[in-house]
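Okay, so chain A shows up in both of these, paired with chain B first and chain C after.
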Partner chain A sequence: MVHISDGVLDPWLWESGWAITVVILAYTLSKMKTEDVPKLSVITAAVFVASLIHIQVGPTSVHFILNGFAGVMLGILAFPCIFVALVLQCFLFGHGGITTIGVNAVNMGVPALIAYLIFKTGTKLDIRPETKNKVSLFGAIAGGVGVVLALLLLAAELLTTGEEFYETTVLVVSTHIPIIVIEAIFTGVLAGFIATVKPEMFGKK
Partner chain B sequence: MISEIDRYAGIASPIHRWDPRLRLISIFALIFSVMLLYNLQLVVVGMTFAIILTCISKIPLSFVLSRMKLVFIFVIPFFIIIPFTVIGNGVEIVSFGGITLSYRGIEYVKFAAMIVLKALTAVMLIFPMIGTSRMDITIKALEGLYMPNKLVQMFAFTYRYIFVLDDEFTRMDRSLASRGFKKRGNLYTLTTISKAIAMLFVNSYERADRVFYAMRSKGYTGKIATLHEFHARRQDWVNTAVVAGFALLLQVAATSDTFSATRGFL
Partner chain C sequence: MKTIRSVVVLALLLILCMALMPPASAHRVIVQGQVSEIQIKAYYGGGAATPMADGDVEIYAIKDGQEELYLTGKTDDAGMFYFAPKIGVSEYRVAVEATGHKGEETVNLAEGAGITEAEQAEAEKEAGLPVTGIITGFGYLAGLAGIAMIITARKMKKQYENK
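And then the complex of A and B:
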């Protein structure tokens, strides 16, 4: 995940990040049923674990962000999942910051919701083994868009904080360009695979 | 491998005896208070307090330090890049192969140091905050603090499944390796890993279904049930007053003129 650490951003940025997060979280939680909890948790945990795998790309090593994927699989419930994953990542690993959980959740959760919208309009949620190719295609687009939007939000926040972050922003964004491609392919393959093997996984929203 | 944060939850210390609900709230307030500081001296004061708390909690320093290493990976870019890239109207010191170090850039080192110290303080405070009680008790404390029940359940389940899936993932990695699979930067690697992860998702989804029905049939209703009950005694409130009071004190000091904010470049 593209994390922002504590103490980097201006206070008003992470404060508004929390405000937006609380509003979306309250709304999405009200849409969630108690029966969904175990399934959502298991996918949250899987996203969490999968984002620990590092793949060597040239000189740098990158890892999955999977926010677009979460959006494709979970719909609007991707937001609470990303929030929970961020909180646990912060407390179990020290990844990211505590005060910036809100803004990080917005950075990754809002693109996940947009990715879901793209996937939904593209496939009309008609998922069967026969429509595998279409599901793969829109899965790939959604996966790529999720990362691109997350990076754009991150860049906007760093640049609003101060112009001294210009080079850092360029560095962070450019090292993540391979991730966009990787994640698009990954989400596409995954969506196609699940459409063939267990299409009803998409139905539970 | 993922190491558990509550490995040292079993030892005895004043922090361990502190009511988890009050402990979570007070230390959380302290973390936020430190994050709101923009003065290097005050951040150092906050960090000293964090070190004292960690020492009182008797959590081995080696354990704390091993976790803090990760912070550096995230914040070091700021430390290295900022001094060399901020030129502004500062005086040049050296210029070598397109890289310029200026006086103004050095001033920014102070700012970078502040970011690093704040991040370290936050990570360090996590240990007295949640490393001092078992995870199930921490999760019950979240319920006691009126966190939405669905969120509390998600924390509990996700925390549990992370370790299960991590094991499963290691197994998958090993079985791929035993069939001669090597991770390379090509499309084949990517599709193979993608399909392996997809299978992991399908498996874990089915497992979650089975586990949930098993829990339901044993009377699970979504409430966190442990044998532990919380009682806030006088000593708990004294601890809370000390830690939360210190958090407040830092904020009061920050507004006074003695400690100016080092964000002059904005």
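And then the complex of A and C:
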């Protein structure tokens, strides 16, 4: 649902999507360290495959996005993660379009960064087995908010194609409720689990 | 006398016949036969083949390479849309769009617009789970990770040397 295809948006919109994507990519990649790379590629693999898991909700088919999850796990590197996953999804699965990779990366990547901000502010990155509950709670909130924000961005962009903002928002958010709930629980449980067994995985960012 | 009368009757009959002739004989009637309906089915790929319900359909008639918007409509709950082709136009470009998702297909009546079993099997395979795509993707990711490692390691080495 959240991958916009070629030929739907006006050129200025997907062009500015690319511009924003290139700027954020350049910044986040410059902050990348060697020890981040294995974690980054594993999470990217998960995000890449997640979009193949479909759930049929009412008249439409929705799939997992895992952008909030990527934000919690990777911090600012969630953006390159989403970008690479989108490029692979586009060329290998035919999801979305080539021209819209930029705008799709903004749609899912920026909410991922906001999800990280929520997680960071909520837990103050004080991640120890003792703070497990708090980590789970904010992980869950970040996981859910990531998806909701991605849907709002999508609805805002479709506004330019003449769709009603309110109508589209209600449609995409209501059909994505299962996705929002499942991703929130998934992210929360996993964040709590990692806080217990390997808290250093969140690192100091 | 009798023969003259019968000739007159015959002549009158002939005139009557000519007067009552249907106009068809004066104009050539052309009847063309063609398939009256094209069926469009739109569904999402990824194994489940969920129909694209309530999608915006745009049909473009292609004549001499020129595209012209022929008609628009919406798919039903089963992702189906039906339209009658324009006489004399055999090629149509069909675009279906719903909430940012768009798919296109060209239908050509002249080349036989029916879908053969082989084509259907191929479409179903395409719509199914792209196993090769997943494996390829993992391969690319491993490669990218390797490249990223080299670049970041070089950067760190430089920083270390500068100190």
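Assume the second predicted complex is superposed on the first by the 178 of 205 C-alpha atoms of A that agree within 3 Å, B and C clash if a C-alpha of one lies under 4 Å from a C-alpha of the other, contacts with A are read in each partner's own complex, and residues count from 1 in each chain.
The rule is short, and it goes like this: contacts are C-beta pairs under 8 Å (C-beta built on N, C-alpha and C of every residue); 3 or more make two chains touch, one makes a residue touch a chain.
Quick caveat: nothing in here was measured; it's all calculated off a predicted structure.
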item	value
Contacts of A:43 with chain B and chain C, given as first, second, both or neither	first
Which superposed partner A:11 touches (first chain B, second chain C, both, neither)	first
Which superposed partner A:63 touches (first chain B, second chain C, both, neither)	second
Partner chain(s) touched by A:193 [first = chain B, second = chain C, both, neither]	first
First (chain B), second (chain C), both or neither touched by A:92	both
Contacts of A:34 with chain B and chain C, given as first, second, both or neither	both
Chain B versus chain C as contact partner of A:182, first or second or both or neither	first
Winner by number of chain A residues touched, once chain B and chain C are compared	B
First, second, both or neither for A:159, with chain B first and chain C second	neither
Chain B and chain C contact sites that coincide on chain A, given as residue numbers	3, 5-8, 32, 34, 37-38, 40-41, 44-45, 48-49, 52, 56, 84, 88, 92-94, 97, 168, 171-172
Touch list for chain C against partner chain A, complex	44-48, 50-54, 77, 95, 97-103, 129-130, 133-134, 136-138, 140-142, 144-145, 148-149, 152-153, 156
Complex contacts: residues of chain A adjacent to chain B	3, 5-8, 11, 25, 29, 32, 34-35, 37-46, 48-50, 52-53, 55-58, 73, 80-81, 84-85, 87-88, 90-99, 162, 164-168, 171-172, 182, 185-186, 189-190, 193-194, 197-198, 201
Chain A to chain C touching residues, read off their complex	1-8, 32-34, 36-38, 40-41, 44-45, 48-49, 52, 54, 56, 59-61, 63, 84, 88-89, 92-94, 97, 154, 157-158, 163, 168, 171-172
Partner chain A, residues of chain B touching it in the complex	2, 5, 28, 31-32, 35-36, 67-68, 70-71, 74-75, 77-78, 81-82, 85-86, 108, 114-115, 118-119, 122-123, 126, 130, 148, 150-151, 153-155, 157-162, 164-166, 169, 183-185, 187, 189-191, 193-195, 197-202, 204-205, 207-209, 211-212, 215, 222, 265-266
